[in-house]
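There are two complexes below, and they share chain A, which is joined by chain B in the first and by chain C in the second.
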Partner chain A sequence: MTETAFRRMNDLPSTHLLGGGTAMCAGCGGLQAIQEVYDVLGKNTVFVNAAGCMTLLSIYPFTPFRGSWLYTAMASAPAGAQGVRDALDILVEKGRIPPEENVQVVVLTGDGAAYGMGVSATSGAIDRNLDFLYICYDNEGYGNTGQQYSEATPHAARTATSSGPRGYPGYKKDLFSIWAAHRPAYVATVIGAEPLDLARKIETAARVRGPRLILALAPCPTGWDFEPRDTIEIGRLAVRTGVWPLKECVDGQVVHTKVRRPRLPVEEYLKRQGRFEHLFAPERKPEILDEIQARVDAYWQRVE
Partner chain B sequence: MYCIRLHGRGGQGMKTASRILGSAFFEEGFEVQDAPRYGAERRGAPIFAYVRAARRPILERGIIRRPDLVVVADETLVPVSAAGVVQGVGPYTVLLIHSAEAPAVWKRRLKLGGEVFTLPVAPEDRADVPLIGASCAGAAARLVGEISRDALEEAIRSELVGMRAEVVAENLERALGAYDRLAPHAGCVREGDAEGVGPFESPDWIDLPFEDARISAPDIHAGGTSVQVRTGLWRTMRPLIDLEHCHRCAWVCSTFCPDGAIRVDDAGAPQIDYDHCKGCLVCVAVCPPHAIHAIPEEQAADAAAAENAA
Partner chain C sequence: MTRTLLTGNAAAAWGARLARAEYVPAFPITPQTEIIEKLGGWIDAGEMDGRMVTLESEHSMITAAGAAAAAGVRVFSATSSQGLLYGMEMIYTVAGWRAPFVLVNVSRGLATPLTLESDHNDVLAARDSGFLQIHCSTCQEVLDSVLIAYRLAEDARVRLPVIVNLDGFYLSFTREPVAIPDPETARRFLPPPDPERAHFRASRPISQAVAVLGGGPYSYFRYEIHRAAQNALSVYGEVADAFAAAFGRSHGLFESYRTDDAEIVFFMMGSFATKAKAAVDCLRADGWSAGLLRPRLLRPYPDAEIAAALAGTRGVAVVDQNLSIGKGGVLYTELASALAARRDASPVLVSFIGGLGGRDIGAEEFFEMAAVTRKAAQEGRAPEPRLLYTATELREMRKLQSIALRERHQIGEIPPARRASARPEREERP
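What follows is the complex of A and B.
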């Protein structure tokens, strides 16, 4: 990373741009990350928001944003962003809006849209080299409709549609690599519990042009079943156990921005969440726990 | 037909309570409707659910306007107008409320004609504990008087299927405990009249003139209007900052507050915006010198009243 305005924690903003009074759950990790993101991005932004929990940010006539916001169907936010970007370009070119109104186009969606329904529209937009920033808050399921599994759901988690004794049988899709394979301008993972790392990445993302992804793991007290007050702790554990690697990709080069040594056992993260409770009670399921640990270890072995 | 309305906050188990009551009525051979009222409800936000039960087909639909029994999981909801706790309450409506205060106090305060019963708040009950729903369901079942202990137990087992045995046992204990405690009052809820079209009152419609799309489209023309929504009303616990112990780290609680409800003043002191703080208590968990603690919202209200009186 080059020049940054965020060298120390004290450089982080202490007053906040996003308005209060939104309908997210108490302790929502997605909202917590968006707060931090918005403070750095600023109000010269237009959010294109696909259906999901964050659609409830703006409920007529209330909005927490200082700038514009637009709602799209779940699969089409990048297409919506294309329309907004094209309109802005034309208006600027014709001199019908001053250059300072030429705002940053930001797509905001959950993982259901980003990893699943919206992948086709996203791939097309990256292919067209659309100048947009995609922010995905990843709560690892279809949160707004009651936490059904999505392609971002981790192995063995209980969801509304994976309630058996072994939880979700699939594995979390690697969206970071799918994006990186398109060779976009910038891809990074973040988490609200690591605000300095997040602020620097948003700063970088805001500076470059072209397709950019910020993928934020979003601890969700409601869907993951933990106490709202533990949102930050769960986020920190995701990083300290190596479950959620913090990294970025520029020009095809992947760099890990925070490497924890030694890593905590993944159990420390899993056992704090009701969605993994069945791995510990009524009896421990060592084969599943070992598999999850082995996959995390294998990832870091490739990195280190 | 019995018309029962249940009020609580997202996370307190009132939706489950409505389903337990519904299933228990069904076990007893009633026709039943039970449904939670959905909207943008979130954990901590006011929600309600309702149950209709009759020994005939139920043709009524929609929310219950004239309840025979109102069940309130959380007394902090009463003053919240959006929660609509006393809406349509008539001279025979029975109120069942979780509260440390006496029934007579509630009767006077809300000017109620019908009977009031309180369920004690156990000290270990933090407001978001779903067990509150179980005691509400058990108590309501007894007040109605048509539901046997066995039917209640069967309903709980069938609604909680898939949960851990200890969780089911705890819920049963709470529900049956409340059921037994209210034995002297069995059957005090009276079946209301059918909701015919007769007493229908048309809503307070506001007639709007036809406007063109620039005005009539749901566009919002100003930023930050969400601050008009007082999500502080969701709170059951209130975080308090002890400024003597605060290290003025200047960013920790303020950055981690999901709702951006903590700002830091020029002197580096954090201040909580109680109009919007939802009481998630993330700040209590992250404050390095533990300078933030939480007290129940009722206590905070009492303290404020005492201060005003002094």
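What follows is the complex of A and C.
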């Protein structure tokens, strides 16, 4: 990797470029990640958004972005990025706008769009080697509609559509690997609670061309049922328990950028969130807890 | 003037080429595919300076088309039927972006049942979206309408996308002699896109398609789209005049054929209207006073102009090549509402549904419709709406059903008891 401008926490910008006063919930982990991303990318960007919580960042006549914004629909933000990218290339090529007017095209979607409805549009955009950056804030459910389970929901989580004693019966889809299997220029996972790691990855992503995809775990006080002040703590626990591996993939090589040894037990992460409360009360459900732990352990065994 | 034999699809492609479309998001579907193949061929051969991208669906295709048009390049795209419906969410969305581009739809009946042949339910599903609609009946008109559509779409008073419609098979694959305009005249008629319309540039950020809170702003923006579409009515007149001046061919809001003194008028759109023309000539030869009024611009709908054109007409046979399930023909309903405002000139409207899924409309059926309509006009009362369907067709249909039934007996799907009762019941039906 080339030189980074972000060696230590002090290198991170102390003021945010993204305007405040948005409609997001207090303690929104998705917004935190976007703020950090935006600081690195800067304002010469157009954010192409899919339906989700972040759609409400831009409500007429306000926007927190200093650059451009285009809302599309739930399924097709990558296709919107294709249209904007191609158009800008044509405009520059034909001299209708000077090259310095060119901007980076950034797709911004939630997990519902990224893991489900928008998979085909994303896959197509990567196949076409579209020069774009995809930011998915993964709050592990359809947040905007009230946190129903999505294909990103983790096993056993309670959601608005999985309220039984065992929570969501399915397992979180491995979107990182699905993306990586397309061999895009860059894929990485990040989390707002690890801003240095995040900034370096966005810095890397901004330097390369082609499809670059970033998956940001987005602790969501409203959907995950925890206090807004705990967002960063929960984000850190996601990393320290090994639930959310921080990694990147360049040229098919996956590298873990932050490996915690020893890892904390997953319970430390789970018990802080109301969506997993039924695993601890009225009585403990050791078989589910053990299974979750075993799956995390198995992942890291493969890695280490 | 030299003319070249072109299919409707090739004429559409020539329209895009002469409009110097810079960007062509595409996705194949019968009967449209020839259009994008042709454009792709020209681009690959260096004969056309454009960029074509095949998306992974029409939903994405229309998103990319709208996004690129919003960014300020000239965009062309084409689809049919299931493709148009697959992209329908974005048809509404990009019209709201006020993204001017041209989408050719090659009409094809919608599933279910599945068919490849033509009717207008597909394009009428986009009727209320904010896309303007121009309906063609000849290959020449297809080419010309694409050029007209760009001028209309890009006009600052309009700024809306336009669908140019032609019928699958009947027009898409039929070769007709077409005058291909010379590129220089086309360029003069349609100058390059306004460079000021280049959005998303670094120095001039813009937020497009943002959410609104509440019905106030929502109604405001929706009505703005409506007003822009209504502006397109007078703008269309200017554009059509400019087109006639440049190329010597007039394409009005609608085509009136021998309507001046007509008592009975056929009202229908698309390629089947040419059959109505032939019927009008026969009827005239037999001493009937018949004519044809064929809407071209369906959105915006020229209410007043159509009502005026029908003043003095006693009966109108509205032939709908579509079916609004549970209601009837769409053209009929719309014409009735256009005439409702004018008490002075209200002909009797008779509703016919015909040509669904490419079903032909025969000359004798036009004569029958004329007779029914004349009788209705004399009596001042319209009969029930009718589906054009012959006894022979019904007999053929019964044959197919009996084959289907026999197959099901053979695989034992229908138990003998039910079989016994099922059979006569079917045969008793008319």
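Heads up, the rule we're going with is that the second predicted complex is superposed on the first by the 303 of 304 C-alpha atoms of A that agree within 3 Å, B and C clash if a C-alpha of one lies under 4 Å from a C-alpha of the other, contacts with A are read in each partner's own complex, and residues count from 1 in each chain.
Keep this in mind: a contact is a pair of C-beta atoms (placed from the backbone, for glycine too) under 8 Å apart; a residue touches a chain by one contact, two chains touch by 3 or more.
Every value quoted in this text rests on a predicted model; they were computed, and no experiment measured them.
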Notebook entry, point to check: Following superposition onto chain A, is the placement of chain B relative to chain C best described as a clash or a fit?
Noted result: fit
Note to self: Applying the document's definition of touch, where does A:A281 land relative to chain B and chain C: first, second, both, or neither?
What the structure shows: first
Check: What is the contact status of A:R66 with respect to chain B (first) and chain C (second): first, second, both, or neither?
Finding: both
Check: So, does A:T15 touch the first partner chain B, the second partner chain C, both, or neither?
Finding: first
Check: What is the value, to the nearest 10 degrees, of the angle subtended at the Cα centroid of chain A by the Cα centroids of chain B and chain C?
Finding: 90
Next item on the list: Have a look at where A:P228 lands relative to chain B and chain C in the superposition and call it first, second, both or neither.
Entry: first
Notebook entry, point to check: With the two structures laid over each other on chain A, which partner does A:I97 touch: chain B (first), chain C (second), both, or neither?
Noted result: second
Next item on the list: Could you look at A:K43 and tell me whether it touches chain B, chain C, both or neither (first, second, both, neither)?
Entry: both
Margin query: Quick one: is A:S58 in contact with chain B, with chain C, with both, or with neither? Answer first, second, both or neither.
Written below: both
Next item on the list: Examine A:N129 and indicate which partner it touches, taking first as chain B and second as chain C; both and neither are also allowed.
Entry: neither
Checklist line | First (chain B), second (chain C), both or neither touched by A:T161 | finding: neither
Notebook entry, point to check: Taking the superposed arrangement, what is the smallest distance in Å from a C-alpha atom of chain B to one of chain C?
Noted result: 5
Margin query: So chain A touches chain B in one structure and chain C in the other; where do those two contact lists coincide?
Written below: 43, 56, 58-60, 63, 65-67, 69
Next item on the list: Flag every residue of chain C that touches chain A in the complex, lowest number first.
Entry: 22-23, 25, 51, 53, 55-57, 59-61, 63-73, 89-90, 93, 195, 198-203, 205-213, 217
Note to self: Help me check something: in the complex, which residues belonging to chain A touch chain C?
What the structure shows: 43-44, 46, 48, 55-56, 58-60, 63, 65-73, 75-76, 78-84, 86-88, 90-91, 94, 96-97, 100-103, 120-121, 123-124, 127-128
Note to self: Show me the residue ranges of chain B that touch chain A in the complex, using the header's touch definition.
What the structure shows: 10-11, 40, 42-45, 128, 162, 164-165, 218, 220, 223-231, 234, 249-252, 254-261, 263-264, 273, 275-276, 278-282, 284-286
Checklist line | Residues of chain A defined as touching chain B within the complex | finding: 9-10, 12, 14-29, 31-32, 35-36, 43, 56-67, 69, 163, 192-193, 195, 221-222, 227-233, 277, 281-282
